[in-house]
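I have a structure I would like to understand better, so I am pasting it below and will then ask my questions one at a time.
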Amino acid sequence: MPDATPDNPKPKHIVRSTNKRMRSNVLFNSICFGATLLALIILVVLLVSILTQGVGSLSFRFIGALNSSDPHKAGIWTSLVGTLVICLICALSAIPLGVGTAILIEEFKPRNRYLLWLHAIIDTNIRNLAGVPSIVYGILGVTAFATMFGLFGSMNSGNFAVGQTWYDQYQGEDKQLYYVPADGPPNDEETGKPADPSMTLYVPSASGDRIGKVATDLEWVTAEDIEPRVNAIEEELAAFIKVFRAGITDARESRRGPVRVDQASAESIVDKAIQAGTWKNPDTSVLRGKLLELVLGLDGKAGGDLIKARKIAINIAVDSEYAARMPNVITKGAAPVRVDTKSWYHLALPFGRGVLAGGLTLMLVILPIVIVASQEALRAVPGSFRQGALALGSTKWQSVSKTALPAAIPGICTGTILALSRAIGEAAPILVLGGTGFITSPPRNLMDSFSALPMTIFQWTKEPEVEYKTIAAAGIIVLLIVLLSFNAIAIYIRQRASKHQ
Amino acid sequence: MSDANTDIQLPLSKKRSQTAQKIRERIIMASLIFCAGVTVTITLGIVFILLTQTLEFFNPEGHMDGQGNVSVVSPIDFFFGLEWNPLLGGEKHFGVWPLIFGTMKVAIVAMIFALPVGLISAIWLSEYAKPKVRNIIKPIIEVLAGVPTVVFGFFAVTFITPYLLRWEWWRVKIPDPENAGQYLKDDAGNFLTEPAGLFGLFDVEVYNAMGAGLAVGIMCLPIVISLSEDALRAVPRALREGSYGLGASKFETSVRVVVPAALSGISAAFLLAVARAVGETMIVALAAGASPTKLIGQGSLLDNLTSAAALDESVLPMTGYIVKIFTGDAAHGTVEYYSSYAVAATLFIITLTLVIFGNIIQQRFREKYD
Amino acid sequence: MFTTLKKTAFVAGAALAIATGTTSAQAELAGEIKIDGSSTVYPITQFVAETFHDLNEKVNISVGFSGTGGGMKKFASGETDISCASRPIKAKEANALKEAGIEFIEVPVAYDGLSIVVNKNNTWAESMTVDQLQKMFLASNKGKVKTWKDVDPSWPAIEIKMYIPGTDSGTFDYFKEVVVGKSEDAIRDDVSESEDDNVLVTGITGDRGAIGFFGAAYYFANKDSLRAVPIINKAGKAVGPNPKSIESGDYNPFSRPLFIYVKKSSLERPEVKAFVDFYLADAGDFSEEVGYVALPAMVYDRAKANVKSKKTGTQYTDASGEKVEGPVTEVYK
């Protein structure tokens, strides 16, 4: 900008206008800087507000616990693992499809006019797909993967199932479960053989394998024999249960309040209950000790803890009595239930609303992003690379696979990882697909139901109670940590690649 | 590509390996074409599902609603109807405009925030910022782009609406509607209080278009910034240098030369951002509420317009309705169930139009300077 | 890889410290229980599932909240073992199940009471009838009924402000069923609708002429800031919502039973049988802990008997296929 110097004074109006222009330049600079600063401030406020709300609830217990109706006990374990598993499925399907499409579009431009036209359509189509709202992909995912247009019957009709092992399951009178290998899924014609002393029954092994040791020392009885015995136990224990429950209820401060017990009152509750029951073993001291411990532990407890402890106490008493009265007793002619165990690769058509359908639905969302990123990475590789390879006599594919593709890999990786971090945070398609709210186990096979972290955060944020907002914030922190580590990997790859070049 | 070798005698094994090579390349080509075919199938799949289900919604025989009454909806009722009332009110109405209005209100708030702030930030980053500073700020903005939308929804519900819009940190006494100058008290004689509301004046609802819109705007901000910055940076240096050479200031160069030259790229960025805002689901499902905008039946024309434009009230955008149906109590096969597909189809058409135009404009501007 | 992803390593806490006492001689239950359905019943079922899972670690349970209708759809396609419902099954849904060859057992688990609430400074509405509620809330009276005086001439001419829960909530459905019933009418649309019960509470607290309704559990939690209007029941008595009146059935017609529907073939599996028994043995306590009201013991006994004898079908349809109406205490006699 020309400056006015004392030697060469400018006309006044020019000075004024120059000053004004300078001022407006400075002003504009500040406005522009202010706008950028605003964007940064928003990010800071966002992070600070989430951190202050959530950091207090963040703990290993929170990460390792299941979702719960009590916000103080709720955790994210199943949804966190669910998210990672669907993300893995999403990556395994989106990367080959996306990179393959990008190679076709970028490296194999056809010469034929009609093919060229088709080529342009595919290219445009991908760009437009990237702008389709994710909820629409959710609707597509439900129909295409979960129900498969109804072509294979209803969900759970289990056509073309693989990775399933079937057993006939028999239940002994002491509630012990026995298994016999079976040849296939249940059907209407045969429901498995009724229990018979001639058959070999197996008990599950400690590691959870259903076919463990052969069951020995079984006492076979008939249905007629067993009925009065079962009825007798039920009747004699019913009195115990009734008195025990009444004792606990009386010890509560109010209708829904906590239990208040001391040593004496706990003993009185337990003793009264034990006296009401009829026990096979005249020495009930072991049982009494266990129950007493549980009742004393109830002091100050309300809600779920109370019900749980009460249930445990009753279970201990009932189980020990069944085990004592009918060890290894099994009824002749008891009908089995056909049950299965599933390998991790268990698969059937249609896919249902399991992790596989979830991962593939997310694949739909990120596929266009992966393609566009890969296209850009391939385009950035200088043409001389390919021409050099072609000149050395390599085929078109060799030139692509040995020169262009390796050079583009850092770019493809970065783009893909960023796309995957989008998949991790996506909740709308999962919501449409119908993820579950509460689940006790992370997905164990491809068809297993799942819960995803963004879904859980959504569910908690919707609750009116403040406690849920806090754990939602804690969930967000975990989600952001996962995302940031993904981003860090992408940045690392990008920087390493730029150093190499 | 074996033509080059014609006059060289190759050993037999080499020839065979060449046929193997050819077959392999064929297989590879086929799988590449399969990959590309998947993307086309996805589009066809979306169109097929939305189309068939929407046509089913318009089935002249009608569908049962949740109460067992049969409702018939014609495309004219749907596409031109001004009332959306599947559950409340006397007659059922399935006019999509109240939902489109809901979406528009959220998107307009978002764009009023994101477009100027985004564009101006982009100008600063591309024209003013030193490369060092830009290299720090750009990745930070990319972090904002990577934040999942459910997080912005959470932010809207726990921060924007309660603190920025409702001013819950400032509670005021509630005036008695019957006795002027008096305030409501509870039975114990304590004054009842309520949040002051925006600027202490506007009574903003807990779920409202503005809070959701601002969160959507924050979500769109990185898209606007990075796409506009790309457009600005694509403007050749020569244009800037020419402008400086004529004595223009940086401000004048930016506003009169660079921005107009990059206008097509910037408008593409805007269109793509609007498409993102229109299709956003999780933020509106958390923060926007569930009341369809009332376009008619509010009294005078002015009352209707004010009601339609109100930003402090709960709104039901298209995506919000789809979530509501897919997670709600509506039974499969009812008219409410099918209506969600018709709404999804409308949403798809709107976003696709925006995206197609955005991409066409972007393509044009790329060609201009490439 | 999925099998290695076990949570056992992480879980700690007092609750499990108690549970370690349960190692008895018998084999643990194993298997999978899939549950979906009403979001109203979800809190109870989730609570039961959590407790059950703590005692039976190897049983994997998933509970969804796709709504009563969505849950029934999944139930009919064989995806779930148990479907939660905030209303008795509809004939159409029962037919769909029949076509799919799915037999089910109906189990009532709790009461959900609906409270009609007004501002604390509303001194005039000492009790209300369903007729008066109809006058207020029906769409055909929109424009005609504006003030409390329009409903009852002895009440003041203060404008009525209506607050209702979200139209896809079970609570709204239930209110609508009672107030609109089978008539062609509907709930008027000039009302404030919100999914967040807190918004309703705030709205009603701040407006002397306000009226609204929500689940009884939420009223019990906000007793200090609101007043529930006693409703004239079928016997002509004005009864307010409280656990006693809801349990006895005196608080009618605004109390409704909640159900779970169990697939008969799933009930053959020991883990599902154990779960349902577990649920029913303490259904009253479970529901009270999450804010609902226990059903009378007689209804639970009847339900237990139905589960034991595997009596399929709904009690809301009699032998001749006619729809049975009335309180759950009558239906489950």
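By written order: A, B and C. Residues from 1 in each chain.
Keep this in mind: contacts are C-beta pairs under 8 Å (C-beta built on N, C-alpha and C of every residue); 3 or more make two chains touch, one makes a residue touch a chain.
As the structure is a computational prediction, the values presented were derived from the model and not from experiment.
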Pairwise touch network: line, ring, star, complete, or other: complete
Leader among chain pairs (count of C-beta contacts): A-B
Central chain (by mean CA position): A
Centre distance in Å when chain A and chain C are each reduced to the mean of their C-alpha atoms: 28
Cα-centroid distance, chain B relative to chain C, in whole angstrom: 36
Chain C: positions in contact with at least two other chains: 65-66, 70, 195-196, 198
Touching two or more other chains - residue numbers and ranges from chain A: 434, 462
For chain B, residues that touch 2 or more chains besides their own: 326-327
Residues on chain C engaged by chain A in the complex (per definition of touch): 1-3, 5, 7, 9-15, 18-19, 21-22, 24-27, 29-31, 34, 36, 42-43, 46-47, 49-51, 53-55, 58-66, 70, 74, 77-79, 100, 195-198, 243, 268-270, 278, 281-282, 285-286, 288-290
Chain C residues touching chain B - in the complex, by the definition given at the top: 38-39, 65-70, 72-73, 86, 90, 92-93, 120-121, 139-140, 142, 158, 166-170, 172-173, 176, 185-189, 191, 193-196, 198-199, 202, 205-209, 225
Contact set on chain A toward chain B in their complex: 1-2, 21-22, 24-25, 28-29, 31-33, 35-36, 38-40, 42-43, 45-46, 49-50, 53, 96-98, 100-101, 103-105, 108, 121-122, 124-140, 143-144, 364, 367-368, 371, 390, 393-397, 418, 421-422, 424-428, 431-432, 434, 454, 457-458, 461-462, 469, 472-473, 476, 479-480, 483-484, 487, 491
Of all residues in chain B, those that touch chain C in their complex: 64, 66, 68, 85-91, 174, 176-178, 184, 186-187, 192, 194, 205-207, 289-291, 294, 297, 314, 324-332, 334
In the complex, chain B residues that touch chain A: 1, 4-5, 21, 24-25, 28-29, 31-36, 38-40, 42-43, 45-46, 49-50, 116-118, 120-121, 123-125, 127-129, 137, 139-144, 146-155, 157-159, 218, 221-222, 225, 247, 249-252, 254-255, 272, 275-276, 278-282, 285-286, 319, 322-323, 326-327, 341, 344, 347-348, 351-352, 354-356, 358-359
